[in-house]
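The following blocks contain the structures, represented as structure tokens.
Below, subunit A partners subunit B and then partners subunit C, in two separate complexes.
This part shows the complex of A and B:
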């Protein structure tokens, strides 16, 4: 059975590496290095190449989980990692100043990929900052003419991350 | 043969991918020309071209943007003030302009894209940078086929470089950070120990990357005129010397 490939993306600090580590059945391959710029005020390390993990579904289907670096200067890695991918999970950190603008940036940069596959959106840290609300996210997507499921998630919660994965799988099956 | 040199301002500021003009060897980097930090990730407009900001960068003050920190930082105020104090000590002396410039940066809009923050939180003295530049000069002298040598951070920011051709330093520093990190991960997964070099062997040249320390890496670019063994050997020696200079 061929491995399905899902890609996690989103701004730095949104929880991509954490989410993959939460559900991967083996310790994920990570390429985290020390942050040397302003990001270090938020977190000590940053992903500069990719995260890789894997999960096996009940029917034996393996899903490869690939995490991208968050910074736009690593866009070349985004283009490499989406090759052969079947779906995108966008994690947005609600604590950031303009999360909707962040979402817009990632949807724009992955537009071609999403058009051929599908996407779900996970909004992290809504317990710390609850605006924009999920309704705001849906309204924003509607204005863009896009419909993707958006949920509040905790990247450290296995149930939450699996829920995102299952939602994406369902979207792919029904599209 | 024209050699392009580039260096980070003594303390802060990393250049955009288009900023590769030679820099005069003055005590402080020139502030006549505003430093271009590239385009804003969302607007596509230049992120910073204000000469006041350029002057701020040139004087090397470690500045905060309080709005940025308050909205994004998870550290406590105490930790932040200690960090700033330590950075101020490491960065050296400042002139009185710093206070005014600090105010300028404090009123900026918080930047969503952390990569557009103009300062690195690692700083080096003029002496360290000068000695490092000497090391790079020596590397180029010893390896006649080498046409590029670059010190960059492990998360992809160029710090100091010497190039003989027009190559995109910013892209190379970013991509090599990915490559080195991948190389180290592959070594770990292969049950092998410390990755020493990542070597790209191409039809007409080679690119070699290796670590200097926890936060810095060295990239050496050469044609086939330089023997691989020599490139690796000189590269390793240079990295070793740089580790002592830049610790």
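This part shows the complex of A and C:
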């Protein structure tokens, strides 16, 4: 039986591991290694296989919280992790050079999964770099003919992560 | 000199509460009783309770039993069977009806002196006099209001000046506003004002730069959103029709604008589009609430509208799997406290 799960994706450093940690009932099991490329300026470690967290419902059912590795070169892991996924949470780091291009890459690579489920977008670090704005993100999505919820979030904030999850659930309910 | 009386409310939705506060502003011209909103039930002359909620239903009985001096007003669709000393106000909240009820409340609270001051003028005439600065409910939203001008002139810089000479500058294209001597609720009131009660001047960029020196720019989206919800009163903005087909062209930032669960659900539904009836049927929410949301989206240009409704796509899910999913989602929400 496939486990029911939510998938967190996005570029390295966007806050996937942190977001999972804020709502998981145990500290996420991570497969991090020390960063050796340009990423090491931003963070000490990066996820190479996955992050795993969990919540247990009142009836004992387990809901998995899976974080994908950020880098495109681990795409084979993305395809494995999305099996049984309820929906996708895309976290985008606004400090990166081309956040809209990042978003485009994740939406394209998860297109089939999103088509079958749904997606929400959380933009992190907007307090550090405020462009592109959320309007720019929405305009970008509009040009792609897509409408997805996009919000400024702090991955460390439980309220923010729950807001994303609640929005995703609402979208799934009405699809 | 008119008396100043205070009104407290309980169980009202956010949009009805905002509407109520704006309508209370209409009593400023009354020569007998001016009503203000208060957050203190004890300080109030009247208490308005939404009786369409189970909690409100209980509260109204408690208030009646307490035998306090406050006049109790029941607001709801089913106010039959209430004690005779409770005033009744039916849904939706309409300015004319509210003003008439407030006059009765003022009269009761003051032991009839308010009525004496008014003489023997029939209630309908009094309402007309009270509401002459604004409009009665039937045309409330249809009237040209400051808000309507702002969302239509969406690339201009407009300075709105009220009768007291206070001003707000709206840089509509950049979705900002600049206010020096008005707090946000006063700016909301200004947006709900009829055009004839304000002056609007268009400003050039150099004039704008000069005027806004040392004034902090504020995001106008939450302001316009709230004002649109407040003045909707269950009626579509000019140019929108009840039978139309509505679809979002972008997702509203509900984290910034207010995380109302109904609005979230409506935004999700409006992604694929449909008619007001379809949305009302799906969400089981009153049509007036759907209209409030549609107006707010329209004001922020988040909406695509076609005059003729096309059938919404039928749900593809089997009922059983849909129920299973809803059950699962409800359990997840319950577990996470959302």
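Just so it is clear, the second predicted complex is superposed on the first by the 165 of 175 C-alpha atoms of A that agree within 3 Å, B and C clash if a C-alpha of one lies under 4 Å from a C-alpha of the other, contacts with A are read in each partner's own complex, and residues count from 1 in each chain.
In the analysis below, a contact is a pair of C-beta atoms (placed from the backbone, for glycine too) under 8 Å apart; a residue touches a chain by one contact, two chains touch by 3 or more.
The structure displayed is predicted, hence computed values, not measured ones.
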* Which of subunit B and subunit C A:57 touches, first, second, both or neither -> second
* Which of the two partners, first being subunit B and second being subunit C, lies in contact with A:148: first, second, both, or neither? -> second
* Check whether A:77 is in contact with subunit B, with subunit C, with both or with neither, and answer first, second, both or neither. => first
* To do: Based on the superposed arrangement, let me know which partner A:98 touches: subunit B (first), subunit C (second), both, or neither?
  => first
* To do: Based on the superposed arrangement, let me know which partner A:138 touches: subunit B (first), subunit C (second), both, or neither?
  => second
* Should A:23 be classified as contacting the first partner (subunit B), the second (subunit C), both, or neither? -> second
* Asked: So, A:167: does it touch subunit B (first), subunit C (second), both, or neither?
  -> second
* Structure fact -> On subunit A, the footprints of subunit B and subunit C overlap at residues none
* Asked: For subunit B, which residues are in contact with subunit A within the complex?
  -> 14, 41-42, 68-69, 71-75, 80, 110-115, 117, 119-122, 153-157, 170-171, 174-175, 177-179, 181-182, 184-185, 189, 214-215
* Structure fact -> In the complex, the residues of subunit C that touch subunit A are 175, 248-251, 253-255, 259, 261, 264-265, 267-269, 271, 282, 325-326, 328-329, 331-338
* Can you list the subunit A residues touching subunit B in their complex? -> 11-13, 29-43, 46, 48-50, 69, 71-74, 76-77, 95-98, 101-102, 104-105
* Hey, which residues of subunit A end up touching subunit C in the complex? -> 4, 23, 55-59, 61, 63, 134-135, 138-139, 141-142, 147-153, 160, 162-163, 165-167, 169-175
